[in-house]
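Dropping the structures in below, format is structure tokens.
Two complexes, one shared chain (chain A), two partners (chain B, chain C).
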Partner chain A sequence: MRLGSTELKLEKRLTLSGWQAALISVLAIVFALLIFSLIFILADVNPLIAYQKIFSYAFVNPHGLPLTVNRFIFLLFCTYAFIIPYRAGLWNIGMAGQFYIGALATYAVLYAFGAKSFNNSNLSPVVIIPLMLLAAGVGGAVLGAIPGFTKGKYNISEIVVTMMLNFLTFWLVAQMIKEGGLFMNPGGRGESFEMPASLHAPLIADIPFTIFLVLAFALLLYYMFAKTKIGYQIRAYGKNPAAARYAGISALKIPLLVFIMGGALAGLAGYHYFAAVPGVYKIARNYGYFGDLAFYGIICGLISQGNPLAAIPVAFLFAGMSNGGRFVQGELSLGFGIDYALLGVLMIALVAFQFFYRYSIVWQRTEKEISDVGIPN
Partner chain B sequence: MQKALHEGVKRGDTVLEARGITKIFPGVIANHQIDFEIKAGEIHAILGENGAGKTTLMNVLFGLYQPDEGDIYISGQKVNFRSPLDAIELGIGMVHQHRKLVSAHTVIENIVLGHPRAGRVLDLKRAEVEVEELCQKYGFKIDFKAKVWQLSEGEKQVVEILKTLYRGAEVLILDEPTSALTPLETEKLLESIKAMAEDDLAIVPFITHKLPIVLAISDRVTVLRRGKVVASFETKDATEKSLAMEMVGREVIFRIKRAKVERGKPVLQVEDLSAISDKDILALKGVSFTVCEGEIFGIAGVSGNGQQELAEVLAGLRDAQGGKVTLEGKDITRSSSLERWQLGMGYIPADRIDIGSIGDFSLVDNTTMNYHFDKNYVRRGALDYRKIRQLTEQIITEYDVATPGVDTTAVCLSGGNLQKMILARVLSRRPRLVIAHLPTQGLDIGATEFVRNKLVEAKKEKAAVVLISEDLDEVLSLSDWVAPIYEGEFMGIIPGDDARRENVGAMMAGLHLQGEEI
Partner chain C sequence: MSEFLIRSLDASTIFTIAALGELIGQRSGILNVGIEGVMLFGATLGFMAAQTTGSYLVGFLVGIAIGALLGLLHGFFSITLGGDQVVSGMGIWILGFGLTTYIGNPYTGPLGMDRIPSVLGVSPFFFVGLLLVLLTWFVLSKTSLGLRIRSVGENPSVAEVSGINVSRTRYLCVVVSGMFMGLAGAIYSLDYNPVWNYNFLMGWGFISLALVFFSMWNPFILLGGSLLFGILWQLSLNPQLVLPGLLSRYLWRTVPFVITIAVLLLISTKWFRSRWGAAKPEALGQPYVKQ
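And then the complex of A and B:
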């Protein structure tokens, strides 16, 4: 593109620093919000007011912020469930299923200790909370092991297997919590029995302890990929499976391992949302909604390019926007689905702007003036 | 099929001409004032070491790059290629060294793919008839129904050539046409190239090494060095020596003397080993041999005779169908490749880009490929990156790998430097057994010399070396034992002193030489 005596040109980037990537992401967000304001204008709403409400509810409001934080924890677990296989070049589309199984495993522990029938408050949280966490992680891991094994042993597409398991587990949850199910709420209502108050997760400033857990995983994963032997093996397999095999890295072990780790983290999201978020404490009727939200782990993982630390702000933004979007939809009487539309536009902008990770726009004098200078021999 | 160029073009007319081509990249003048022309029916080779500017020139002629200075003329008319599509449109065809085919598709599908007439519905029947005609005319043989992944490199190249011809190319640019081919395939290809030239096509092979090929086939040869044309002769006036001098800018020693090393105890013992190929046929049919300390065991053969399978079975990347492999007395027939690395195996694979290295990884991370399992470089599950970095710096200095630094990604290295890097990494472990498969394939003269010397050095350090090569001269000059392989069997094992081009060549073609076996 030419403007007067200067020319706009795309140039391939050779390197990309962390702050450049961050700046590009911020620009993408601004761009998405600008585009999305058209929707608000079409709905006769001042976009400035709408955004003010979205942001203040999502990130400031004393009712809204905890909701955002809880979604953030949930989403970050799901993001890691995606990122770990992603670094091995594999696609985990099964965080929803692994999350459901995590939730079921959590409630299985409660059921085993008789929490359903007695609802007694004498159960010791010191024993049972760790057991629930463990069960959730193991449950997700076992489900994850299935696509990991079939991929590693028989080279069956992990995408197909994980997706199938999502359907299977969705109905398994329904089977367990709805009419006649083992975990059915005594009052019917299509949800699970409630957990006893004594087993509610410890809160720190109204935030469940799971936030420390997920942030610890952030550091752990970052360290794992940057420094450890296993992290190296995962990355090598991800970049070039044949070369990894040549270097003595097992083509069975790596897929199995990354899916076990990823599945375990998605399973912990199941514990978090249905056993640690204040006010929930049961497998809710709308568990499918969270299953859908779990897929945003894929988006967050892709936007952060598999970097566990970069995933933190991305997951926080998406959690806030889904929460604030849903709020403003009711508050301003907007049409159904505004929250998902907003997430969608954000996602497209962030992904599209990754073009600038590889190319930069430069201003250049036009060719005419260059040829005046002459090319040195 | 468009025939714009061919109509009215007579044998001997200049079809493609480049005048004063200059192409500058940040920091490098890749091409400087290059003049070049080719006539219909001529074979005009372009010769140069890696980094001499061949690839740049090729890409300029094919429209991938626009030159900073200079013009291209086709049949005397000035043209301006904005993209390869323009070049293809005007009858220029390019056969890449790294094949650009869809491996899951059949041969004929690949040939038709991208053809302007292919449209939405493929008329494969008609295409088959037309391509068969081309095959007949130029003497190509290929199974149209085979999937590309099943083909050997030579067969893939035939597909690429047919694809270009089928699109109506009149000027054929061949990038390293024989680098991946077996002697037999090479011979066939050269015949086909001559047939094409007879048919008034203009052919431009770009060649880094294999000077005999240049001499055998071309009418004219242009030599590039550091982006400039340093010489251009009629081939009849050139010799191997004069070409090498111009290319390298100094005299080159063509033969490396076989080093005398005292034979030690056996390192690798292979008994009646057999294996199945990807196509599910018995590719290796019971080979037996022993390699001792300080020996180079050369396996000579035309590609596709079981060498790939043998290398992979020895490296633990393919299951043995039967037989036994022993490494320093330990049965490793069922051992994983990881265990073999730890026991002192060192494998230099034929495919250095897709198997031997990880392109997106830094050189440090590439070195790690051979050290992530080494207790001296891993502490409590964490890699000792400080030590690995030091090691990488040390080996790139020792092996003279040209790179800005150890954080450069492997994909940025040229073929020769990448091979040096792989060699450095593998040999730095001081392996007891070195398996080197096509170690000098595609390398320029300087790098080839270097790699061969390093293999001899490994031998002097009492390693057992298995050298699998298609370059007969390489096998003959380095090996203490020569085993010609044909259809998965050794045709005999000859002491290096008795091996000659004649007897080994005959055995490579499937003849058992009686009385010479051990």
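And then the complex of A and C:
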């Protein structure tokens, strides 16, 4: 495109700095919100008012903000479940299933200690809470090990396997908490029994302690990718699996390991949401909704380009937007699924903007008459 | 029992058509992991159009058209912009999952139209599926267009040098591929199970993706795989036919997914794969940049 003596030109980027990547991400989000305005306009809602309500509920409102924070912890766990395999070039879209299994494992511990049948206040939180965390992590890791193994050993698409496991575990939760299930609420409301108050997760300023856990993982993962041998091996495998094999990195070990780590973190999200968020303390009837929400982890992981620290603000933003989206849905009597639609639009905008990770637009003075401008195809 | 077989054939038709679409795209070197999203769009918009106009024909045409558009979008991301095809496919899946949940919600419930009459006892789309398998096989292996498509999928730079327009060939394939997927989605929501509910496809798009890898890019093996999956799915939806009272109804819902993973495992063993020659398009998933 030409304007007078300057022209708009696409240039292949040789490097992409962190700030450039962040700028592209912000532009992608702004672009997505502009496109998403159409949905509000079609529903006869002023988009400015809608966005104002979304953001003020999510980040200012005294009822909304704690929900955002809890969602943020959940989402950051799910993002890490995506990021670790992503750095190895693998796609974990099974965070929903690993999250369900984490929740089930948490309640299995409670069940094993008899927390269902009698409200036992002798149960020691010092013992049981770490056990629940451990169980949630192990549960998620075991489920994660399946796609890791089938990918590493038989080269089966991890995308297909993780998706199958999402559906499988969805019904497994239903089996456990609905009619006749082991964890069924005695009142039979299609949810699990409630955990004894003595085992509620410790709160710091009304925020569950899991926030420290997830932020510790942020540092740990950052350190792992930047400084450790295993982090290096994961990145090498992600860049070029064949070359990594020649360098002596096992083709089975890396996929298995990244999926076990990712699964364990998604499992912890299951502990967090159903055993640590104030006011929940049971596997809720709408657990499937949180499973769907886990897919926001894919977008967070992609936008933060697999960087565990960059994922923190991104997860906070999306936690707030999905929370606020759900709120305006009721507030402005919109149809069900505003937060789902937002997920979709954000994702596709991000895909489009990936282009700018590789190309930049520059203004140049034209020197020659003929210039071939365009995207190479 | 014959009712059961008919339902199995109907189910397998959907797998066949969706997977054929993916096969065509992959043969030209374009991987689309977003089949589920395209099918959700085809199914939802087809359902809405059919219910609004009262015409099945309009419903199917809308389903095919939205499939073509999404194919074009995937082509734009992966051919013109040269982006990562898995990222683009994932984008299309999540777009489909998110957006159809919202726009389809007011239409939740049954379609409320007379069922599409069966032909010789089965859904007419079963024959459409067979025809498309034959047609795809014929075009891909017996025509010069098919040769062009395959060479673009194997080695795009050599194809380009020999005078084939790589981009145009790939665009043609992704658009046709999207049309097949959109049609498959519309068959699900208008014929196989005409009730709309959000995210109702239960991973059928992902299974179709697995079927293409399974088929070694051969339409006939793909048809066989679809029949197998159609029967297995139908069996697990009707547990009383096999083992009455063995598992609870929720556990039975998990069976199709267990079976899918088991079958994938079986067909991915060396033992199984060494029996069939693989014809994986060499340039699959790699963006092509003209030098």
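A few remarks follow.
Rule of thumb we're sticking to: the second predicted complex is superposed on the first by the 366 of 377 C-alpha atoms of A that agree within 3 Å, B and C clash if a C-alpha of one lies under 4 Å from a C-alpha of the other, contacts with A are read in each partner's own complex, and residues count from 1 in each chain.
The criterion applied here is as follows: a residue touches a chain if its C-beta (ideal position, glycine included) is under 8 Å from a C-beta of that chain, and two chains touch if they have at least 3 such contacts.
This is a predicted model, so every value here is computed, not measured.
Look at chain A after the overlay: chain B and chain C clash there.
By the touch criterion stated above, A:S250 is placed in contact with chain B alone, chain C being left untouched. Touch criterion met: A:I230 reaches chain B, while chain C stays clear of it.
Once chain A of one complex is fitted onto chain A of the other, the partner contacts of A:G335 are limited to chain C, with no touch recorded for chain B.
Of the two partner chains placed by superposition, A:P130 touches none, neither chain B nor chain C.
The larger set of touched chain A residues comes from C, when the choice is between chain B and chain C. In the superposed model, A:W171 lies in contact with chain C only, and not with chain B. Look at A:N240: by the touch rule set out above, it reaches chain B but stays clear of chain C.
Put simply, of the chain B stretches 112-120, 220-228, 328-336 or 364-372, the part that bumps into chain C is 112-120. Note: residues 375, 377 of chain A belong to the chain B contact set and to the chain C contact set alike, using the contact criterion stated above. Residues 227-230, 232-233, 235-236, 239-240, 242-250, 375, 377 of chain A touch chain B in their complex.
Chain C contributes residues 33, 36, 77, 79-84, 86-88, 90-92, 94-99, 101-103, 105-106, 167, 198-199, 202-203, 206-207, 209-210, 213, 248, 250-251, 253-254, 257-258, 260-261, 264-265, 268-269, 288-290 to its touches with chain A in the complex. Residue ranges on chain A touching chain C, taken from their complex, read 39, 91, 93, 146, 150, 154-157, 159-161, 163-168, 171-172, 174-175, 178, 180-181, 292, 295, 298-299, 302, 335-338, 340-345, 347-348, 350-352, 354-355, 358, 375-377. Of all residues in chain B, only 22, 24, 32, 68-69, 315, 317, 336-338, 340-341, 347, 349, 354-361, 365, 368-370, 372-373, 378, 381-383, 385 touch chain A in the complex they form.
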